[in-house]
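Each of the two complexes below includes chain A, the first together with chain B, the second together with chain C.
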Partner chain A sequence: MAFVYNFPLFSIILSMFSAIISSVLSGKWAKRVSLIMVCLVLLMSSGLLVYTHSTGEAVTYMMGHFPAPWGNEIRFGVLEAVMAVFFSIVMLLSLLGGMSHVFADVEDTKTNLFFVLIDMTMSSLLAMIYTNDLFTGYVFVEINTIAAAGLIMIRQHGHSLVASIRYLVMSSIGSGLFLIALSILYGITGELLMVPARDGVQVLRESGNYSLPLLLSLGLMSVAMAIKSGLYPFHTWIPDTYGYSTTTASAVLSSLVSKAYIILLIKIYVRVFGYAYADAGHILNVLFVLGLVAMVMGSVEAIRQRDVNRMIAYSSVAQIGYIYMGLGLGTEAALMASLFHIMTHAATKSMLFVSMTGLREASGGKTDRRSLSGAGYRNPLAGITFLVGSLSMVGFPMLSGFISKLLFARAAIGVSGKMLPALLVLALSTILNAIYFLRVVITIYSPQGSDAPLDNVMDDEGHVLTPEAYQEAERAKLQTEGVFLAPKAGALVKNGPLMSVAMVLMMLLNFFLGLCSGPITEALLAGLRIFG
Partner chain B sequence: MSRKKQDYEHSFLYHFRQWVAGNVDPLEGTMEIRVPQKKAAETVAPDLKQIRTVYDPSKNKELKRFNRLYKASSLLLVLLLMGVLIWAMGFMPEIGAEAAPAHNATAGRYVEKGLEETGAVNFVTGMILDYRAFDTFGESCVLFIATICVQILLRVDKDSSWRKGRKTEEAEDSFRPGEDVVLQKVSTVLVPLIFIFGIYVILNGHLSPGGGFSGGAIVGAGLILYVNAFGFEKTERFFTGKTFKIITVASLSFYALAKTYSFYTGANHLPTGIPLGVPGAILSSGLILPLNICVGMVVACTMYAFYALFRKGGF
Partner chain C sequence: MSNYFLLFPILFPVVAGVLVMTLFKGIKERKIKLGIVFVSLVVETAAFLYSLFGPEEGLMLWKLNDMLQITFRVDTMSRIFGTLVAVVWLLVGCFAFEYMKHEESEERFFGFYLVVEGTLAALTMADNMITYYIFFEAMTLTSLPLVLHEMHKAAVMAGLKYLFYSIAGGFMALLAVFLLANGGGLGSFTAGGILDPASLAERPGAVLAAAMLLVLGFGTKAGMFPMHGWLPTAHPEAPAPASAVLSGIITKMGVLGIIRGIYYVIGPSFLKGTWVQTVWLILSISTVFMGSMLAYREKVMKKRLAYSTVSQVSYILFGLAVMDPAAFTGAIAHVIFHSLVKNTLFLAAGAIIYKTGKTLIADLKAIGKEMPVVIWCFTLVSLTLVGIPPTSGFVSKWYLATGALASGVPVFSWLGPVILLVSALLTAGYLLPVTIHGFFPGADFDYSTLKKKEPTLWMLIPMVIMTAGAVIYGIFPESLLTVIRSAAQVLFG
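Presenting the complex of A and B:
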């Protein structure tokens, strides 16, 4: 066996080990350990990707001395390697982008605990990507949930405490349902590892025994993962969670944590139950409809938000809807589009949250739309990053969002009964996306207050106002409404060096996904074929 | 003729009625109660007042209606889910039936070959610490991450810049448990026994029912009893935040390293070089004994840490 095949084990254990030792280090050292760990994981995953891509086969790796039905096991092919590489890149960039805010938002004696949570999140993400065992999946879902709740809470701010309780309650319901589903599946097949469980499911489907518990188990697993990743009717925890956490936490939670659950769900569909079974049980249809509803409702809710951070969070609801819509279409191409959209959304959402932090700093810590006006001039790099992110979300060519929309549209063609709704909602959702994202882009690039009045404006006593006087009056009015007013001499806000680097790299990543999508989609497709 | 009992106020019936009506607290004066110190003056910000009116169901009709609808629909949803699950139970294989699918070759092998392959007489321990050790490592990390989260929320750091200028001494006194002679005498007898029993359960995890999780919980309960009887000054002579950190980090690191070695050799089909020993002997079954000790220490520390954090926000 090639030495490269040990890398998934090493990367999982390395991230857990760094979490353990970070709990006794100082915040500064914990930060270094975290960064080194993520870089090493990135290197190892890249090595694995190169190797698995050249061999083109999936490998099962025993976790211990006992083979499949008895011992734990992980399994990896091209798809898992792509996801691991991509997740570690996004994790690294989110860490860099929010680093200075971590030290500002977190109590200074507890900063090392933040990195403990980040390391644990990383290990659980990797384990969920690689696992070939349903129960291992559950254990790491738990770790991920608790670590995520900690990441939200660590700001110790009224809003974030409420958000974390809400997240914990919703997520625990999800975990509970997943555990019930797992117990049912174990009760009727007697297996916990994915491949033997698939054989068990196969036998049950042929004999027709226990058909109701089998369907129930699949249904409960889908609902559990839908709750945890925030599909439309279960999305209520999303806006507070993403909107009030510290930057790195928002970026990691929105772009990685919720995606890992979807990857686990896809794995369960493809590897355990078989996609055809999920289709026959109408579960895919339900997901399809919920996905479509989420695409519209998420955007509508986003349009109604005044706070831009919450608007970005609501946009996540819509994007999760895209992914479930692709799952619901039920073809290989659609599944691949969903996987690509997982990457697109992860790259773009983390970028939006980081750039939003930059814009917020340029607007006196406020994130309502009126305070943000002109912020693109006060913090040019963050403005450009936000612009690129918004265009990508809307689906501008050359950016990754365009490719995923194209892939979804192509995949929808020819799927009987689902083609028309998918295409129509895709178009509608694009327009809605454009409405709220471009509105913010226009706001951040329009100067505060309006410049000169169009017509002659008169004050109370009937004198015609000069433009300067008009502006003064406007500013005074805004000030009484509690809107942040930038100093007139357009003070530039300096981003930290790490944050600037992160924003530039995030833009490059987005362009890379948009311009070189060919090899990535090929690798995803190849990985998907050996995924089952 | 109406007759009124002379000392009605002292009768049992009167006291009982008062208790039923909620006018008397029977435990008053018999328990250790921390009375929150009164604030100097109740000042409510005007916007807070407004918020209170908005969120007060008696003043906000819309909220009241929503609350009712919310309660009714959540009840309905829960009942529906319960109904579905109970209904599905009828279709599940009978518990303990010989023909149940769970009684297949997978489970059979744990029973038939477990002793030979893991060296553990207790199959359950053999399963969780050898066959499925990766899951168990994950479970220990769940405990670890849970303590981290509780620390974030509840740990009071005196040297934190967030606490500058706040009083911390005033609260110290109220953490001291009451001097309860009965509790102290009883725990003098019980605590050593509990510790010995817990350690026995941990060390014999591979030989008899028990193991790290259950033994650790027993030791942790003993520690909590001890601190309740004698106070934090006594426990801090041997168990401080530093001890907690050292024990947790050492145990989990050992677990991580030992299991990485085991996974690595297993997956690469290398011999481990760890002897399994004679089944039934205390020093047997390879790594299971040290791993049980690690898990036990982590669990005991976690239980005590939760208690200490909730009680006084630190060790």
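Presenting the complex of A and C:
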């Protein structure tokens, strides 16, 4: 057994221990521990990727060498390694990008807790990627939920408290459903490890016994994960959660946490129940339809938002819809497209949140569209990052979003009955994405105040104001309230060095995914074939 | 496949444009700034022409993944469109040096003006559908700042409208590319089509749908009904040089997209006589008529010219839809002639706005006495657009009409020429009043208030050159027509 085999377990354990250690450290040291931990995980996952890519085989790793039913298993192939590498990269960039704001947004005595939560999140993400045991999966789903709720709450103002309670309630329903489904499956097959459970399911399907509980179990698991990853119509917790948290938390929650649940769900489909069974039970059709609805409704809601942070959050609803649409198409190519879109969305959404923070700083701490006008000139790097992120979301060529759309469309062609709706909704969703993202891009590059007349502004007596009068009134109002004024046009806002580095790296990552997708899609496909 | 010089005309203007946008703030002297832009434009034109007429070797630049390759190669179509772009872009650029004096943020305008030329160079030299699509989107995006240059509410709304129409059109084209991808449609452009015959026979429906989507999608840029709505909004809001190239060049990239998709990927022999051809003919014919009618009713000068573009570009699309060698020749000739004419018309309108601030046609009384050279150019190219011999418009319309009549397409073979004639009458109706009122303001007009308002040579010379081109090509069209005919012969076998 190669030494590399230990890496998945090491990285899970390492991140858990970092959390434990950090709980007694100061914020500053906890930060260092977190950063070192993520870098080490990145290194180990890269090593694992190189190894698994060269052997091309999936490895089952028994913890403590106890065989089932006592032992606990980890299983990894190319796919798991790719995801682990990618998740640690995005985690690292999100941490770097939001670092200065963590110390600004979080109460001084609690900064180490923030990093404890980040470490916990990291360990649960890795565990969900690697585990080969349903119950372990459930345990880490719970850990992830609690850590995520903490990440939302740690900013401690009204909105984020409400958001975290809402998140906790919705997520608990999801966890509860998952637990029920797990109990049912355990009850009828007597197994919790994934591979023996698959044999149990196989026996039941052939004998025809317990067909309803079996289907119910799969259905409940799908619903549970749909709630937790925010598939429409279970998306109501998303906008507040992502919109009001501190930058790193928003980036991590939207790009990683919701994706790990989807990976776990794919694992359950492929490894335990078999994709054909999910298809025969019409569960895939339901996911497909919900995915399509999410693609449209998420964008429609996003268009209606005035606050750009909430708009970005609603766009996540649409993007999650893409991923479930791919799941619902039910072919190997579509599943690969979904996995690629998980990467695309993770890379792009974290980038959008970080750059929006930079733009917010340049606009007096506000994120509504009007205040953001001209922000692209006041904070050029954040403006360019936001531009690249938006274009990627819309699907402009050479960026990762384009490759996602291409893969989805190619996968949809030839799937009978689903091809036309998928292609049409893809087209519609592209246009809707363009409407809200590019509107913001144009706003941040228009001279300050010039977008005010875009919607006619009235004063108290109902007269329409000219842009100059509006600006005058707005500045006067702000001054009387003693609010920090947005820097005037021409005054540059400096990003912290870490944030600048993070933004540049995020852009590079996006271009990398867009320009060099060949090896990645090959690795994903190879990983998918040995995933089951 | 590694003629890296092809990259030069694509990358050079992009780099130059970015430098112009970032470094120009530091330069105080306007002459130095414009000098640099002028030199860049000249270098670009020379390099572009050299890569068009230089070595034939293509370039395989990059693989996005196993099936998406970015490749460039030059063929006859590239030469025709590329030469047009290179020459017109330089001339309109010279006009802009003077015109942009009264606009703000010149750096941004000239920066993006250069960047767009890079994408256009890439489009004309693109060798497969995916490369074409990528640079098509890049062109949309980089030409957007030209439309919303003035950044007031109407301009931003016009820019957004332009953007959304283009993205909708772009995605239709992309869907078509997806549908064609399985039949080998991503290969190198070859006259007469590259689709795998087995896949054509197996799923003709998908290929037909792809053809329709291609026509509609790229037709958006070319202003074909029902996706023409952005033209009359975007043109009046953009500064005159930008509207000139939007009408004269950028709409033609939609046409080039259709030519590449229909004639170089799917193949005209497959589409002839199908429902796609019928729908395409109906759409283009109705656009010809509708554009002329709307132009005739319009009172704002630049809007009238925009509607005229809607109508005229659909002449080209009609010629392509007929799928006959003569009509094809007429269509390609009309691409060139319309580009020269419409650029001159918009530049003339721009010169009038620049000197007098007048935008309504009714206000242009006696303008010919104030700016004789401008209005003479306007008059000559108007006659060209109407198609009065011996101007070039006559030549292209002659080929379009005879091609349509000879094609044997039921109904449209005679209906098309009839509509073309009616539309020519309308064209005369909406363009000539400017000349008539401009030179003959009426007996009771008070001539004493008139002043000489002729613009400087920077503005006049581009107009005169393009007018001369439009007229002279009508008298000596043979050299150009020979080139187009040889291309058409290869296409139709």
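By our rule, the second predicted complex is superposed on the first by the 490 of 532 C-alpha atoms of A that agree within 3 Å, B and C clash if a C-alpha of one lies under 4 Å from a C-alpha of the other, contacts with A are read in each partner's own complex, and residues count from 1 in each chain.
Following the convention adopted for this analysis, contacts are C-beta pairs under 8 Å (C-beta built on N, C-alpha and C of every residue); 3 or more make two chains touch, one makes a residue touch a chain.
A quick note: this is a predicted structure, and the numbers were derived from the prediction, not measured.
Once the two complexes are laid over each other on the shared chain, residue contacts for A:307 go to neither chain B nor chain C. Of the two partner chains placed around the shared chain by superposition, neither chain B nor chain C is touched by A:332.
Of the two partner chains placed by the overlay, neither chain B nor chain C lies in contact with A:279.
When the shared chain is aligned, no partner comes close enough to touch A:368: not chain B, not chain C. In the superposition on chain A, contact is made by A:109 with chain B only, not with chain C. For chain A, the partner with contacts to more residues, out of chain B and chain C, is B.
In the superposition on chain A, the residues of chain A contacted by chain B and by chain C do not overlap at all. Residue ranges on chain B touching chain A, taken from their complex, read 84-85, 88, 91-93, 100-107, 109-110, 117, 130-135, 137-139, 141-142, 144-146, 148-149, 151-153, 155, 157, 159-162, 245-246, 248-249, 252-253, 256-257, 259-260, 262-269, 272. Contacts from chain A toward chain B in the complex involve residues 1, 5-6, 9-10, 13, 16-17, 19-21, 23-24, 61-66, 69-72, 107-110, 113, 116-117, 120, 123, 127, 133, 135-136, 139-140, 142-143, 146-147, 149-150, 153-154, 156, 180, 184, 186-191, 196, 200, 210, 212-213, 216.
Listed in rising order, the residues of chain A touching chain C in the complex are 391, 394, 396-398, 403, 405-406, 409-410, 413-414, 423, 427, 430-431, 434-435, 438-439, 442, 446-447, 450-451, 453-454, 514-515, 517-518, 521. Interface residues of chain C, counted against chain A in their complex, comprise 62-66, 68, 130, 133-134, 137-138, 141, 148, 151-153, 156-157, 159-160, 163-164, 167-168, 171-172, 174-175, 178-179, 181-182.
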